[in-house]
């Protein structure tokens, strides 16, 4: 029961999904399974939350280094959850004017957008370190990035204005995107397709079972 | 990186190669922020699709009614907010009447933020615009394209009252407005669904009203077919489209200075890459000799 | 102070908290991080509750239940109980003795994933990509304004650049096909990269490198506009400096 | 580990072959190639003649929620007044009123598939077995004319989607390869797989962490259990956990999805079990942070600097956070190995980490790290798939260059 049921279940569900792709009336199963997946995920989130509270609660209880920050985590979680579930108008909890929306706009959104914006700095430091013409490969990387970066802002227009139309930096950038970039991307995508398909078959055949090994 | 064993004897080039990343960060922060303070006018050619949007508004006579639909949320603010401000500036400058609405819940709030900005302009302040007479904010109504469809019969089916709760019949600006027949132009700012595509299909195709739009850079290219068929007057695509519009309007504002930040930042990164390579090669030359 | 102004101040302070990480890890960042983690976990919990649990599970079952009560018939919506059953099995992990039952749910999820992605990837990443590459080799670059066919002369650097581009424009589709082919050879695992085969793989690596460089450069613009948005928030909306 | 297939290979093969025969017995119809679009030279402010002969019928190969509309082109399309720019397709359930535009096609095209949704609440719901009427508009610049209303038609479902036959054939061939090579491996045939730099580096990096006495950080990525990239990553985690258990180095696995966390716990536990040290497994080495992208990153970034991890391994599905993680790891001076199937993120990993598994290499790694013959068989199958694709690529390009269009049509997939 412990080993066999999961393997058989995986195989049956997997094969059904493949067949459903070719047999239109079975499409309804696909949607149903997806809905079930969401339901499972909605239950599973309790596992995550419990884990979060245990890890941070442990910190506070043992007065570990940084336990105060653990308290902030739990407090932040509780406040927004209680507000979101009970005091923000049910399903329309995300509407403007609800307390949930206020927290979203003035706490969550600035934090998230700023974290995202850090990328602008990291893009700069990473390109300074990585884009050096060490060998042919690195030079190709460098040149492509350089042309694309300049070709998409007015600077590219200025410094290549002396060239005839159709041969400026912006045009070279367009050509790189349309041909060599597309070629490389296609090779990667086809490779990924084969990798995914073979992994999927390994899962269905019960060869890949990190999720149910042990004991 | 640890090619030099002796820390003190680092040459200039070696120091440059292992430069503290915080110095790069500082350069980027400066490159992005400083241009924001200078309302620099950066000259860019205005592309035809942008010029068409400008012409659509410019052609309207004073007193014409323009419906502006705000279909985005704060996530697209850097791209669409400058366009919203330019639209308002253009309309108010030409003495057009503006009706604001939103198919996205946060949209009408974005409109208020834009209005606050625009009212700081001296020439617009001087006009002493009145809520309810020169502009009105209808707010958000749920229902996506169904809202567009119903408004084709009567605005009141979707909006019995404005965002402040005043019935439309009591608002002077709305007295002469029944449906799209009384609207001279629709402007749409969109970051996805529902957005420009729905306005084309449910308002333009069915009720034959004129439409122009501002879109995120990702979305704009998919609007080009509609421009070709004339269902859409024109489209502003992303920060660059917004900047070009400001130039067409001869009122360079946020998008142009944003574009300036953008260009300077790209330049700084490229400069760093060049410096890094010079350092790398001079060091290698020294090693081989 | 209105709640709006307070909100802007909170947002600005938290923004600075995250930015302070660029200098180094510090208590201000740690606080922002902890708050962020707590709020986001709660945010996700609330969203999951109202957008998945309630509409997909609760609403469907209450519909089935009311059908049963009012009309006395067994509605197909009861089928959502199966999803709930798997969900409950998942939670059984917390009970050590029967925790292994949660593997049934995992097996269901993994099986669905494998089956769905098998055909999806074969279609969109495999067959359709091959189809898109099959084109006559003599097609030239479709941009209408590339009218020059002969040798273009501007100055030394310009002449080299323009004529190099001209050659590339002419052989655009060769580039596409050769690039895809050599790229695939790079991913070939059964043979060591030596000789002619190794040479082709090397060309494949060049194409991959151009791809990575181009994608990197292409994304820089949108990353910068994010930072512009934040800086504008700090200087324009919060401090009102311009 | 004892390898036993749940379904005998043969059963699976026979099953697919049966389906193939079933399908080959019926003629294949290919989608009509869309006519070449021509730009209108001059548009006059005169309405074009309307399209005629509008016919609606059920769309083949679907679940019964789509109709196909065909018409005869307007005489002014490419000829006559030559001012048609597009056609608009309007639908109603009433022949007299309520026509709404459902789609637009370019000039020269005389067919449109009106794909509806099958869920009742959907804005685009198109019920089966219900009559619909169509009109087609020829649109010129700012002016149009409409056809007469079509006869009613209704949509219904079919049993096999013939438009997807190329994918079906592909599935059968590939399944055959996998089963074949796994069987060969089972019989003990040596299969060669070339060394892959990033994979070999994993061992080294674990060794380094052990020497330095600092922990290893393993990031499964932001994907959910519904991504195969995540599942591949969890398999790699299993192998890494086994080595880590042997070296007795601590491992940290912060997760962004509760289900993935559950599987990761199983995977790490199984690794320790395989290494023969189940008691060394610590429950708190795999934990949940949050599911929201940037909050997760902020926490992991802090973790890297505070725990001073010697080695960071990023495998799985990554989005914009890739560079945020990799650059911070760089500040901390960790050795970094990455692998993802998200094409847009590979460049950032290439730029900021020491080794990167590119796309397919991630999937190969999950088989390669274990060095189990059965899994190596799957890699062989991937290579044979590649050979087939390369052959059809070359043949296809040659055929297209000499204008044998039939070859391109072999890959025609109709949704």
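Every chain is named by a letter (A, B, C and D) in the order it is written, and numbering of its residues begins at 1.
The rule we apply is simple: a residue touches a chain if its C-beta (ideal position, glycine included) is under 8 Å from a C-beta of that chain, and two chains touch if they have at least 3 such contacts.
All values derive from a computational prediction rather than experimental measurement.
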{"item": "Contacts common to chain B and chain D (chain labels)", "value": "A, C"}
{"item": "Identity of the chain that, by mean CA position, is farthest from chain C", "value": "B"}
{"item": "Of A-D and A-B, whichever chain pair has more C-beta contact pairs", "value": "A-D"}
{"item": "Gap in Å, rounded to a whole number, between the CA centres of chain D and chain A", "value": "14"}
{"item": "Centre distance in Å when chain A and chain B are each reduced to the mean of their C-alpha atoms", "value": "27"}
{"item": "Intercentroid distance (Cα basis), chain C paired with chain B, Å", "value": "24"}
{"item": "Chain centre separation in whole Å, for chain C relative to chain A (CA means)", "value": "5"}
{"item": "Multi-chain contact sites of chain B, meaning residues that touch two or more partners", "value": "21, 25, 28-29, 32, 262, 265-266, 269"}
{"item": "Of all residues in chain C, the ones touching two or more other chains", "value": "18, 21-22, 30, 32-33, 36-37, 39-41, 43-44, 90, 93, 103, 106, 109-110, 112-114, 116-119, 121-122, 126, 130, 133, 177, 180, 184, 187, 208, 211-213, 215-216, 219-221, 224, 226-227, 229"}
{"item": "In chain A, residues with contacts to at least two other chains", "value": "7, 10-11, 18, 21-22, 37, 40-41, 44-49, 52, 105, 109, 111-112, 115-116, 118-121, 123, 125, 127, 129, 131, 141-142, 145-146, 149, 152-153, 185, 188-192, 194, 196-197, 199-201, 203, 211-212, 215"}
{"item": "Residues of chain A that touch chain B when the two form their complex", "value": "94-96, 105, 109, 120-121, 123-125, 127-129, 131-134, 142, 145-146, 149-150, 152-155, 157"}
{"item": "Sites on chain B touched by chain D in the complex", "value": "21, 144-146, 201-202, 205-206, 225-226, 228-231"}
{"item": "Residues on chain D engaged by chain C in the complex (per definition of touch)", "value": "164, 166-167, 170-171, 174, 191-194, 196, 225-228, 231, 259, 262-263, 266, 289-292, 294-296, 298-299, 301-302, 305-306, 343-344, 346-348, 350-351, 358-361, 364, 379-380, 382-383, 386, 389-390, 392-394, 396-397, 399-401, 403, 407-408, 411-413"}
{"item": "Residue ranges of chain A touching chain D (in the complex, touch as defined)", "value": "4, 7-8, 10-11, 18-19, 21-25, 27-28, 31, 37, 40-41, 44-49, 51-52, 55, 58, 111-112, 115-116, 118-119, 122-123, 125-127, 129-131, 141, 185, 188-192, 194-203, 205-208, 210-215"}
{"item": "Chain C - residues contacting chain D, complex", "value": "18, 21, 24-25, 29-30, 32-33, 36-37, 39-41, 43-44, 90, 93, 102-103, 106, 109-110, 112-114, 116-119, 121-123, 126-128, 130-131, 133-138, 177, 180-181, 184-185, 187-193, 208, 211-213, 215-216, 219"}
